[in-house]
Amino acid sequence: MELEIHDLIKWFEITNERIQQHKDYLTGLDQPIGDGDHGINMARGYQEAVTKLSQAEYQEPSEVLRDASMALLSKVGGASGPLYGTAFLKMSLAVKGLETINAASLVNGLSAALLGIKQRGKAEAGEKTLVDVWGPVVDYISSEESNLRAEDLTSQARMAMERTKEMMATKGRASYFKEKSIGHIDPGSASSYYVFASLAEVWKEKT
Amino acid sequence: MELEIHDLIKWFEITNERIQQHKDYLTGLDQPIGDGDHGINMARGYQEAVTKLSQAEYQEPSEVLRDASMALLSKVGGASGPLYGTAFLKMSLAVKGLETINAASLVNGLSAALLGIKQRGKAEAGEKTLVDVWGPVVDYISSEESNLRAEDLTSQARMAMERTKEMMATKGRASYFKEKSIGHIDPGSASSYYVFASLAEVWKEKT
Amino acid sequence: MKKIINDPNQVVQDMVDGLIAANPDSLKQVPNTFVVARADAPVAGKVALVSGGGSGHEPAHAGYIGKGMLDAAVCGEVFTSPTPDQVLEGIKAVDSGNGVLLVIKNYTGDVLNFEMAAELAEAEGIQVEKVIVNDDVAVEDSSFTTGRRGIAGTVFVHKIAGAKADSGAKLEAVKAVANKVVTNVRSMGIALTPCTVPAAGKPSFTLEDHEMEIGMGIHGEPGIDRTSIASADEIATTLTEKVLEDFDFSGEVAVLVNGLGATPEMELYIMNKKLHEILSERGIKIYRTYVGEYMTSLEMAGCSVSLLKLDDELKELLDAESTAPAFRS
Amino acid sequence: MKKIINDPNQVVQDMVDGLIAANPDSLKQVPNTFVVARADAPVAGKVALVSGGGSGHEPAHAGYIGKGMLDAAVCGEVFTSPTPDQVLEGIKAVDSGNGVLLVIKNYTGDVLNFEMAAELAEAEGIQVEKVIVNDDVAVEDSSFTTGRRGIAGTVFVHKIAGAKADSGAKLEAVKAVANKVVTNVRSMGIALTPCTVPAAGKPSFTLEDHEMEIGMGIHGEPGIDRTSIASADEIATTLTEKVLEDFDFSGEVAVLVNGLGATPEMELYIMNKKLHEILSERGIKIYRTYVGEYMTSLEMAGCSVSLLKLDDELKELLDAESTAPAFRS
């Protein structure tokens, strides 16, 4: 089972739909422990990304990821912009030259993305950040490889997102709230959940 | 009938009592058509004047008037400070050398004071200022001279004050309120009424 | 009332102390007064400039003390003119024998107290002249009334007369150029919120959440009109047009976009954008633009626009050196 | 929301236009960006300084552009870090081949976006170094967390690193003295009122009429404590003691009493009075005092206190010439 150029474009389109749909929810999550702009930032950035993808011609998947990365980098802003931007840039480099992306190269790509997020943000697991969704999801995908099941991918991502609720933030704006950050889902982890739920949806249609 | 040094001191003491007593009333008058400080200004200044007068030794009435003038000048502030200060300064010069002040020299003194107020403030009758009490009162006193009656002095001053209610201010802060200044008694005219009502009280005790 | 103060009746005292503490090399306080003067005053051979008025308009006027601007500022109580004895002390502290020019904002209280001080100074043999600034076009100009108020345009008088004095000019010449500025400057402002005099404890007037007052004075004096709050472009247009109607500014001008206290610099620059558009549409050339807080009204939100018509003399003096903290050039 | 603006989503655009209009000779806008740069940039033979961050902190950072301070400021949306592409344009606009130092306030968003820009610039062969300012002692200092925020102390980095660059020093040396400032500067503030981001339309938090927040950040980040409003002397004492506890300032210092936006200069000087008393009691010598609005938070009422420990090198650079409108020296 292989992801082609149009599948990757689809991935960003579906993610964008979900983010636009849950824009206010994401912003709401960012209010008690942040500055209340995560939904606005992500909606702005993903809109730009899908517009860009719809206009260009691509030779291989890595180009789609690079363009999406650049769009997110220049439009999301805040902390999450460079993080998502870095993630897809690293993923793009990891799959460079491939005509399609199979399970193995998906693992490569997402592992590179996770590494990129960690290097950029200097956050480790448990600091109530993107890492707390990307980490567990990448672990899961790696363990499954080709027998990856869409439903499980979605539920793994959701569970990871929900676990951030109990964490105390030590990175990002939420860290200024110290103990008070506990009891709230991390906004960036929520947006990451939509990213993987959308990937699962694309994956499912292929299987 | 002659006013002596202690009578003049008494004049300022009684005026002070009335001003302290009606401080809030005077300030209230200054709120709708001014900056709401006339009572505060006058109370501060007259308190200083009587304190000063109680501490010094005087050879003649003009010295009392000069000291009172200086106290008002340095403590009242605003527009009314220089005006009252000038009034008593001019009056002091007009009666310089006299051991006591008779009706004729009172007329001289107060006429000089009125002239001082007009020169300093460049206001004429009918502009809703001090002039609209000092002017009519000086006219009245001049016309009566030695048969001046205390009750009439008081009522003349009160009527003059009340006539300012119908005037439109063209001088002082109240002039910014244009037509809206009509219908309010002029604060400075009210304090001037207390000045002359107090003078009448002193005068009465002598007759 | 939310203020960072101690005793509300001591704010001027405390402010002057803090001001002197911040500028020990350039400023001094005249003992037992609220007069702040150049540390090196009197400056030999120079005509001295003294201004002042009620406090609460900072940086006016003490912020304009320095080489090329004021020699002394007399700080009255908040929004209350200083008394003649205080002004006299200021005059005496800076007169070098070449005379003193008093720059007075046109409010009856200021005018009368400064005039008396001038007479007292002359009685002591000091040569004193005065100029009265009345740039607020929100008040109609009439010789039969108190007339126009002095607002932000006063800063141009400080700058240009100060430069003239610094050039070694005689008192008459300094007074003349000061009056030339007064003749050529016009201003008008709007207020979005009132302000609170510390000793009073509550605002002196109120504005509804949607309201602004056009032409309001820097002590909250009534303006021309109270409307619902307009856009920056509309406000800039209203103020600029009122100012342009009042005087022929064709030629070259200096622009001052002044914040009243609480209005962020961002908003002043947004105003300035439109202001430049309007003036260039009219073919009026802008020689210099000043944007910031020059003549405030405590924490009032709002702004004023001032235009000064320039000729070569005024340009040169406007650009001359000034070491005053609030107007460096 | 009472603001003098047009479209709330256009405020940065409008502000930058108004800023350039006001300073046509000294500033230029990099086309299609919100990057403001010295008109004469790149300055041959000089290391360039670039700072920036979210807008709403005016005069930070564009007001610090000038000879002896910044070469460019990158203006993000209100309270939002600019993106890497914008920062990259700023870097490219000012690099003269001698390299660029990025002065970054320590917020995750700013750090990440500026870091990415640095990498992109290096990819284009530009030499880039960065310094991260974290002077806010209200946040505990930890290498395991995001750590302390950068607030008003940043202005000292601009001034001193800018002077070093102006002296012809190499990039490494400029970076070194910038880090020396970061090591020696501490700040803390209080807020009396919230502020409103134009696009949001309502305050991001609330404070009761009697409340103030101690240690609040310049975007309204939570502080240490929320208490009922204290006197200026108490506030000055609280802030100064927190700052002094954190670092040994014995010797000579520069003091910055910074207004957050709505607080009148009068109140800042009242604070400064007490500050000087406290420091002299402790035998700490004050070399220079700066009082005014240097790093604001829109129309927030409140202030911050910054102390910078000085040695001969820092003194000399602090006093060196600067033509930046918001920090003339």
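As written, the chains take the letters A, B, C and D, and residue 1 is the first residue of each chain.
Note that a residue touches a chain if its C-beta (ideal position, glycine included) is under 8 Å from a C-beta of that chain, and two chains touch if they have at least 3 such contacts.
Computed from a predicted structure; not experimentally measured.
Traced through touching neighbours, the fewest hops from chain B to chain D number 2. Contact with chain A and chain D alike is made by no chain in this entry.
The chain with its C-alpha centre at the largest distance from the centre of chain B is A. Centroid to centroid, with C-alpha atoms defining each point, chain B and chain C lie 33 Å apart. Centroids of chain A and chain B (each the mean of its C-alpha atoms) stand 82 Å apart.
With centres set at the average Cα position, the gap from chain A to chain C is 57 Å. Each chain gets a centre from the mean of its Cα atoms; for chain C and chain D, those two points are 29 Å apart. Not a single residue in chain C touches at least two other chains. Shared interface positions of chain A, defined as residues touching 2 or more other chains, are absent.
Contacts from chain D toward chain C in the complex involve residues 2-6, 11, 14-19, 21-23, 55-56, 58-59, 63, 192-193, 209, 212, 229, 231-233, 235, 257, 261-273, 276, 289-291, 293, 296, 298-299, 301-303, 328. Residues 35-37, 41, 73-79, 81-83, 85-86, 120-121, 170-173, 175-177, 180 of chain A are the ones that touch chain D when the two sit in their complex. Listed in rising order, the residues of chain C touching chain B in the complex are 76-77, 79-86, 107-109, 112-113, 115-116, 139, 144-146, 149, 200, 204, 217, 219, 221-222.
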